[in-house]
Every structure is written in C-alpha cells, then in structure tokens.
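In the two complexes that follow, chain A is the common piece, with chain B as its partner first and chain C second.
Take a look at the complex of A and B:
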C-alpha cells in the first residue's frame, strides 16, 4: 500500500474551515488501556486520526532474551493479559517447535480446553467493554458489562482452581502443562459452560432486538476484504470481513484437528459483523471444550520433568515461528535458539498490534461516537500492542 | 405583608422538599439499577444504604473547587446557578393535591414547558465557559438536541391539554376524573409513549444522553466542574427529571386521582407514586439501552417524532371537535 494512504484524510464540504483537534487518550474512559487517538474534527465528523501507541511498552522481546525457557511462559501471559492462556500457549508452542519436543496427548487436550475457555472469557470482556463504550458507564452498556463480567468470573474461578491464579496463569510449560485438572473440575467446567451458553441467548436477545444497538453497529466501520488483507488484520476482524481463515483449522496445533467446529464468517465487514462472528465463536468454543472434556485421554501431562531449576530446558541451535489463534487473532512467536537455556532472540507478533493498524483507514468520515464503537469492535489489548 | 411571608415560607418548604427528593431519588435509581444488573447497590452507609445520598452530598461539599485557568471565570461560575434555577422553578406550577401547590397558574403547562427549556442557557454557558474541547462539543450537541426535541415534547404535552381544554394543571387533572388520559383509546397510549420518548430526550437521558456521553466526551459540558458546582448541576438535572415525571403523572396518569384521594394526604401519595412510576420507567430505559449517535438523534426527532406527535395532536383536536368540546 502506498505511503500516502497509510493515513487517510478525507475532505468534506464544510462551510467554515475551522477544524478542531481533539485528543482521545491516553487517559480516556474508552481508551481500553493507554491509547491516544488525535482526532481532527469538522463539527461532529472525524476527518483524520493519528494513532499514538507505546505507552505500555515493557521490552517484552528483550525480556524474552533475558529469561529462560522455564521462566518466560509466565511473562508471556503479560503481553495479552486479557487472554493470558493463549499468549503462553503461543510461546511454548514456538519453543517446542524449535526444540522438536513432543507434547503428550493429554497435555494437548488440556491446552485446548484452557485456550477455548480463555477465548470465552476474553470475548465476555470484549462484549462488556464494547457495550460500555457505546452505551456509557451510566447506561445500558453498564448493564451488559456487568452481566458479561459475571460470566467471566465463572471462568476465572475455573482457572483459579486449576492454577491458583485468576489473571496471569503460568499454566503451560515447555513440553506440556504444569498442572493437571483437579478432581471434579471437569464437572464444574461442564456446568459453567452450559450456564454461559444459556446466558448468551439473553445477551443476543437484549442486543439484537434493540434498534438502538443495531443502528450504532450496522454499517459502521466497514473493513473490506481487500483492506483487511492489505493491513494484515487477523482473527474476528478478518472473519467479519469475509476472509475465511482460522489458524485452528488452517494449521492445526495442539490437536485441533481432532475437534469438530465451525469457523464463522460474515461478509458485511462492519461492527455488527464482527459482533456476530464473536457471538458464534462463543458457542463454537463451548462445543470444543465439551468435545475435549469428553475425549480427554489418560496419560502424562508433560513430556519433560517438572520444573526444578530455571535453566533445565535447553533448546538446540535453530530457529522457528509458531502461531496460534488467540481471541484477538494470530499470536506468533519467532524464536532463535543458540543451544543455551535462553533464546538468542525473540520476536512477538501481537494480534492487537496488527489489528489496530486498521483504525486510520476506517475512522475518517465517521462521527465521534463511532470512533469508540469501532475501537471497541477492534478489541485491542494494549499490553499486546505495545508489549 | 402576611401573605407574602406565607408565600415565602411555602416556597422555602417546597425548595427543600425538592432537594430532599432529588437526593433520595438518586438512591432509588441506584438501587433499581443495581437490581437490574444483579448487584445489591449502596448498602454500607446506614441501614440498606439509606444514608448514602447524605454521604454523597457531604463528599461533594468537601471537594476542592477547581476553576480551570483558561476558563471564562464569570460564565463558568455562573453556569451551574443559571442551570439550576429553571429546573427548580418549574416545580412552582405543580399541584401536589387539590389546592396544594405554590401557584396553580392558568397557563401552568405553558409555564412549565417554557421555563424547562431555559436550562439550555446554563448548559451552554457551562460548556462554553469551561474552555474545554469535550465540553464545547457537548454544549453544541446540547443545543442541537434541545431545539430538536422541545417541539415534539410540547406537542406531546399538548395532547392532554386539548383533551382537557385547559392549560391549568388542576383543571387537567379534574378532567381525568372519569378516565385517565393514558387510558383513552389509541390517542392516550401513543401520546404517553411519545411524551416519554420526548422527555428522555429533553432531559438528556440514555439513550439520548449524547451531551454527557462519557465514553466519547468524558462527561460532556460538566467535565471541568468539581465539588459543589458539580453537585448543583447534578441537582438541577435530577430536579428537571423529577419535574418531568410529575408532569407525566399530571398530564396522563390522572395526577392525585385514585381511591381515597378526597383526603389530600392520600392524594399526594397517589401523585408521588405515579410520578415515581414514570421515573422508574425512564430509569429502566436508561439502564437497558445503548446511546445513539448525534445524527441519528436528530433524525429520530425531525423525521419520526415531530410528524408523529403533530399528527397525533391534530387527530386529538379533530376528535375533541367531533365530540363537541373538551373536558371530562
């Protein structure tokens, strides 16, 4: 794409030529973290946007070089802290690929269960905050938000009984998982997802029968399939724009080929299409968790011994890239190993980072209120954007 | 002279009653919203959180009062008062029971509508005087919205006026002796719904709260206000909302009429009950809708609500003419 197009500015036939430059962020109620959008307004219409990121930069790639293969998975979860399980999974998958470590079948199934539960939890938070953006903290959005948080809590409870942590888990380790499921956990998990499945119908009834929700989302922030591919968005954004691509199906990792699930695709490319994609993903994730619980094989949970010292995993010289389908899209880790206990170099591909690049292409021409609706539908997590 | 003192006393009592009502209506709303969202709501201050509004008020009084350096000091400081006055003044015309009100004007409804739309002056002053971009944008939206929604609001409020054949509040209630206006076939229900929608918009409540719009404009025109000035703006907003609920109860729900309403005390109770019902409907809508966009708000007003209320008013007028005169 040409350079001049990377920042779209549209010209409007506006009587006066006074433009208002307004900062949205870095401290702003709907900045979803610390994001600064410098909007140029003509009246209520946005004519240009400058997106400023980097407020949450924590040198993750350098940290990856400084910490051993045993230590880093718990830090990897701090990139995308809303979906920590999949971020960890991406790192350990990359290390296993470079080192050619086997992962026992049971561990692979456990990884699928937590990854899909994490997707449900992450989408819950997305739906809540997105409605909060559109409906306000003192309005209907807050109601949806609290309902979603209620469901997310249930999944966090499951994770807590599994790993002892509620936000950043350290569940995965190179070669398998660190914990096995405790007795009775599978039953609790089944009950939880059954409850969530039932509540999803309530959300859909509350939102899709609501004309105000529809006018705020339909036809807003349209991403064409071409634009989506040029910018390189992934995950629900790409699938909402008619690109039928899901890494779980295209490049199955961790035994995803064993499960039967649909990949939702919508062609409209607007906020509503992205919402629909995620709502179907909720249900597909629930289906996958059920299948994985049903077919959970017996056996060891790791091909490697339990963690005793930080330097115990050594990866032979080599390099490789592994990617997984996170809640927000493709999360990839590129690892260059030099034979020691630490990687020589690590590169993270954050899904939110690539997805956020779409904003300057679709925001100009929208109203101010659409900016937050579009931002919410992109669902960025700034830990992952800035890393 | 004695007469004047009595009037002043009545006004003093009413003013304090309004302030007390506003503080406790916030508690009602918070409890109601909490129930909707499967929460408990305020619970810690006093039994069942009953002292929460007082704690809130005390907190706001003790807050530091900050005036932004770039603000237009005069306009900025005056705005909350200018905003509050019309919001409280409209209570003057509301009769709470037969002969229990400050001034049962013969143009009561007109006075109410005229004065309540004056709040925009204070609102715009606040938005302009703050010298803040969010506040400015919000003030612009407010002017747009209030101009657009005053007309449907007036038309919807005129339907009962035409039915009763009077602008006097007590006469409108008296005309509902047989049948509340909301129970009139078709006209009454449509009129009431139109009135509620226009009320929501004229009061800047969700889903029409684009001028507060905390997810875009942070807090809109009052983003720079703190402490007591913020409290005054909040007070004005809630006072306006309660007054509109009273108006809805008077115009459509038969005011103080109800079993046993011959005794003034019971009449007042009925009236408050109905007004709170209207208020809760407004609150219910608030906590279940998302906000709509500014251009959509204007479209709803000019393309839908204005023709609908105007048509309804004409139909009502024809019907009254056919019936051969207004009144019960």
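Take a look at the complex of A and C:
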C-alpha cells in the first residue's frame, strides 16, 4: 500500500482538532460488497477518503480474450451479478454490432422484457439494502429490506421458470436469446408486476412520510451536473443531477424506440433525488414490460443456428463499442475483433466503476454517518467495479 | 453546449490539423502522442465533450500500445473516440486527469493492466490488483498465466 495524502496525517491528541484515520471495510455491512474506504476524520467530519477497490477482481477483460464469443455471455453476467441480464445484453449487443448480425424482432422484445424486469429486481435490492444501511431511523431498518426482497423473489421466480437460474442466467446469446417464454409465463409476469406496482406506493408512503429518512437524504451527497459528467457517472446518479441522459432513449437498442416511457430527471443531485429517480424508473420499467408483452411479435428467437461448438461464432475484423442502460447506468463493451472466434481485445466499461469514482469528490465535508447513506445511494455492485 | 457533427469534426481539424473519421454518431480521431493532451483539451473546451465514458489501451504486440479514450457531448449526442499509438517500446503517455476527473481511476486501471505510465498523474498506483502484485501487467499479450487450465 503506497502512502497517499489521506494516510499521512495521523496526529493523535486530545485538543479537539486532531485527525483520525478510520478504516471502513473491506467487510463493512453497508459497503454492499468488499470495499474499503480509508476515511480521514476531523471529529465527525470526513476530510479525505481513499477508496480501495479490487477485492473481487477476476480480470474479465483477459477472460474475454481467452474465451470465445459463444462462451463469454455467461461470464459477462458475472460482471454485474445483481443485474446479470443487462450485463449479458451489453456483451451480445457489442458482438452483434461489430459482426453486423441481425436480431429477430421477437428476441429484441424478449430482451427488453427481461432487461426491464431485471431493472425492477435490481432497484428492489438497492432500495432494501439502502434502507437497511440507514438502520433504525426508518422504524426498524429491516422492514423495508424484507419487503423489497419479497418482491425481488417474485421476479427471480419468473427468471427461474424462464431460464432455470435465479441469479446468473445465460439467457442472451449472440444473434438472439437462448430461451423462449414458456406457456403461461406472460400471465404470471403481468400479475407479478401488477403486485409490485401496488406495493411501490406502500414503500413511498413508508419512506417519504418519515422525517428521519428525509433528513438523512435531502441535501446529502450533492453531485453537480458538471462534476457528474467529468467523472463519468451515468444512470440514476446522472439523472438525479439534472443530466437528461438515458441510453434507452438516446441510442435505442433492442427496439426501445417502440415503447413509450418517461425518463425521470431530478435537479437536486442529492441522495433523495437519486431515490426519486429510481422510484419513477420502477414504474416506467413496469410500463415497458406491459407494452412489450402486449406487442410481443411471433417469430424466431435467434437469427443464428443453435450452439454446437464453442468456436462457431466468428466475427470479421473490426472494432466497435456498444452499450446498454443497465440498472446502474452505462454498461459497455468495446470489442476489437481479428476475424477469429475470440476477440483480440475486450474492454468492459462497468457503470459502477465510474459511479464509485465520484465518492472521493463528494464525501469530503460530510459526516461519517452520511458516508453510509451516500454509498448506498450510489448503488455500487462490486462485481462490476472490480470486474 | 450544442454542436453538430460536422462542426465538431471541422473544429478538430481547425485546431489540430488532423482529419477525423465520422461514422454515424461517432467521431474518431487518431492523435500523435505528443498532441494527446492538446486534443483532449480541445475535445473538452471547443467541442463540449464533458462526459468521460472510459479510457483503456490495446496491446498491438510489436507495434506497441494504443491508448483509447471515449468522451461525449451529451447535449448534442456527439461521441468522440480519441486514439493514440505510443509506438514500439514506449509506455509513456500524458495524463488527462486535469481535463476530466474520471480519467483518474481509468488511467490507474490502464497502468495496472498494461503498465502504461501516465506522466503527470497525481496518484499513479495499482487500483484493481494488490499493491504487492508481483507479476507484471496481466492484459499485455506477452503475459501468460502458467496456472490457467480451464478444462479439467
């Protein structure tokens, strides 16, 4: 560990002005993964933060160069394991872009359905864990957590009946999807999202009528629009800071142009604004799923033959970057292809990596307790940060 | 700042004397390494590419490293891909941390994975691998993990 500015100032004393270095993590319950923040404190105020990441590093980019285009999608889901569907989707979209593969309309709609269900499931987990972080102030912090997990389970059940897996799916493949929806699935899906939609009102009533919740989130962790862009944050964080940027609308992929939905934008830039953005996104995702189920076209689910060997997808020489709007923001894959069955170079742009990079810019000046609220509002998934 | 594609391309040409390629919504510009920082400054100030998407490198084996950086003007949806070839044997590249704050962690990652040294970076140390990682830079093409055996 090299010395950094924040670690040099260790002055012990009792005069009231002393600085204290506090280690938060790597196994801190509020970190949502393995993350270590070395906080330099003056009393209760944080004056510097050194973020240490990499505990979950598996070198996905090297794996991407070692595995073929057929093999990698199931690994891509492990970058962001809380929203595996969108991570896979980003990879196959990039391969299809570089190789100019067509995707049948039905597969595109299926992709939209699972991506939006995944967004709902991911936001459920975010809301639950964030409220758990802020603890007893919310009237027994585990209440919201258990409610949210209950709803997330319903979506995982849907994914289980669709793919056989509950967390990492392998649903997408280059050229389409691997599975079609089973009989009766659409009806179960409609019932599930109707139930979740109704319960969202309950969460909002629980939280927004709670003075403690408002005090802990409003005006805390403010990100300005310029700072957000220069650091490269995307997704709900950027939209909470007044940046009207949603890839589903800016660069529609997978037929998103067919659906009618709003992109919520809040200007305050604080934790509460990010909370509001995500609460609206819940409802917009539900709207999109309904529209996609209504308009689901008939036809094949893949433009490519079934997988018989790992090397059967070959991508002509070229390069390209494709990205999708994940639950946390811009997930992108940059692929340099050399004509073989594996990419020459693959770069993963994880949304959480850039989102987490905002912390050293907004935490100094906050109270220690706010660090937890800010971390939770950033919603990092460390599989995606460390890759 | 609102700006059209052709205006963006023309400004790059006017300030740098380099001709970008425009493909759809993407403007790609190959920059010599000594103009890397200047090109970034123009992308930020004259084209309004405030959004820093990512920065990484490609190892072209004996031809050396190429550093790639993607930035964007979100208001007018102009995406700019800056590329520079460092040349065979050269691992030094000017830093962009004073132009975009997001370059800080991305350049640290690039240093970690490729060993590209970003001159002027305020805190260039490993980020994803441990500080005591002994064995070089894993995304270089000559880095081979002897223990890797996927099929057992």
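By our rule, the second predicted complex is superposed on the first by the 366 of 387 C-alpha atoms of A that agree within 3 Å, B and C clash if a C-alpha of one lies under 4 Å from a C-alpha of the other, contacts with A are read in each partner's own complex, and residues count from 1 in each chain.
Assume contacts are C-beta pairs under 8 Å (C-beta built on N, C-alpha and C of every residue); 3 or more make two chains touch, one makes a residue touch a chain.
Only a predicted model underlies this, so the values are computations on that prediction, with no experimental measurement involved.
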Which superposed partner A:148 touches (first chain B, second chain C, both, neither): neither
First (chain B), second (chain C), both or neither touched by A:54: second
Contacts of A:271 with chain B and chain C, given as first, second, both or neither: neither
Which of chain B and chain C A:196 touches, first, second, both or neither: neither
Which of chain B and chain C A:62 touches, first, second, both or neither: second
Contacts of A:351 with chain B and chain C, given as first, second, both or neither: neither
Partner chain(s) touched by A:327 [first = chain B, second = chain C, both, neither]: neither
Partner chain(s) touched by A:226 [first = chain B, second = chain C, both, neither]: second
Contact footprint of chain C on chain A as seen in their complex: 1-2, 4, 53-54, 57, 59, 61-62, 66, 226-227, 229-232, 243-245, 250-251, 321, 330, 332, 334, 336, 344-345, 347, 349, 353-354, 357, 361, 386-387
Chain A contact footprint on chain B (complex, rising order): 33, 36-39, 133-134, 136-137, 140-141, 206-207, 209-210, 212-218, 286-296
Touching residues on chain C, where the partner in the complex is chain A: 25, 50-54, 56, 58-59, 68, 70, 74, 77, 81, 100-102, 104-106, 109, 113, 123, 125-131, 138-139, 145, 148, 150
Complex contacts: residues of chain A adjacent to chain B: 20, 22-24, 28-30, 41, 43-44, 131-143, 146-147, 150, 206, 210, 212-213, 215-216, 367-372
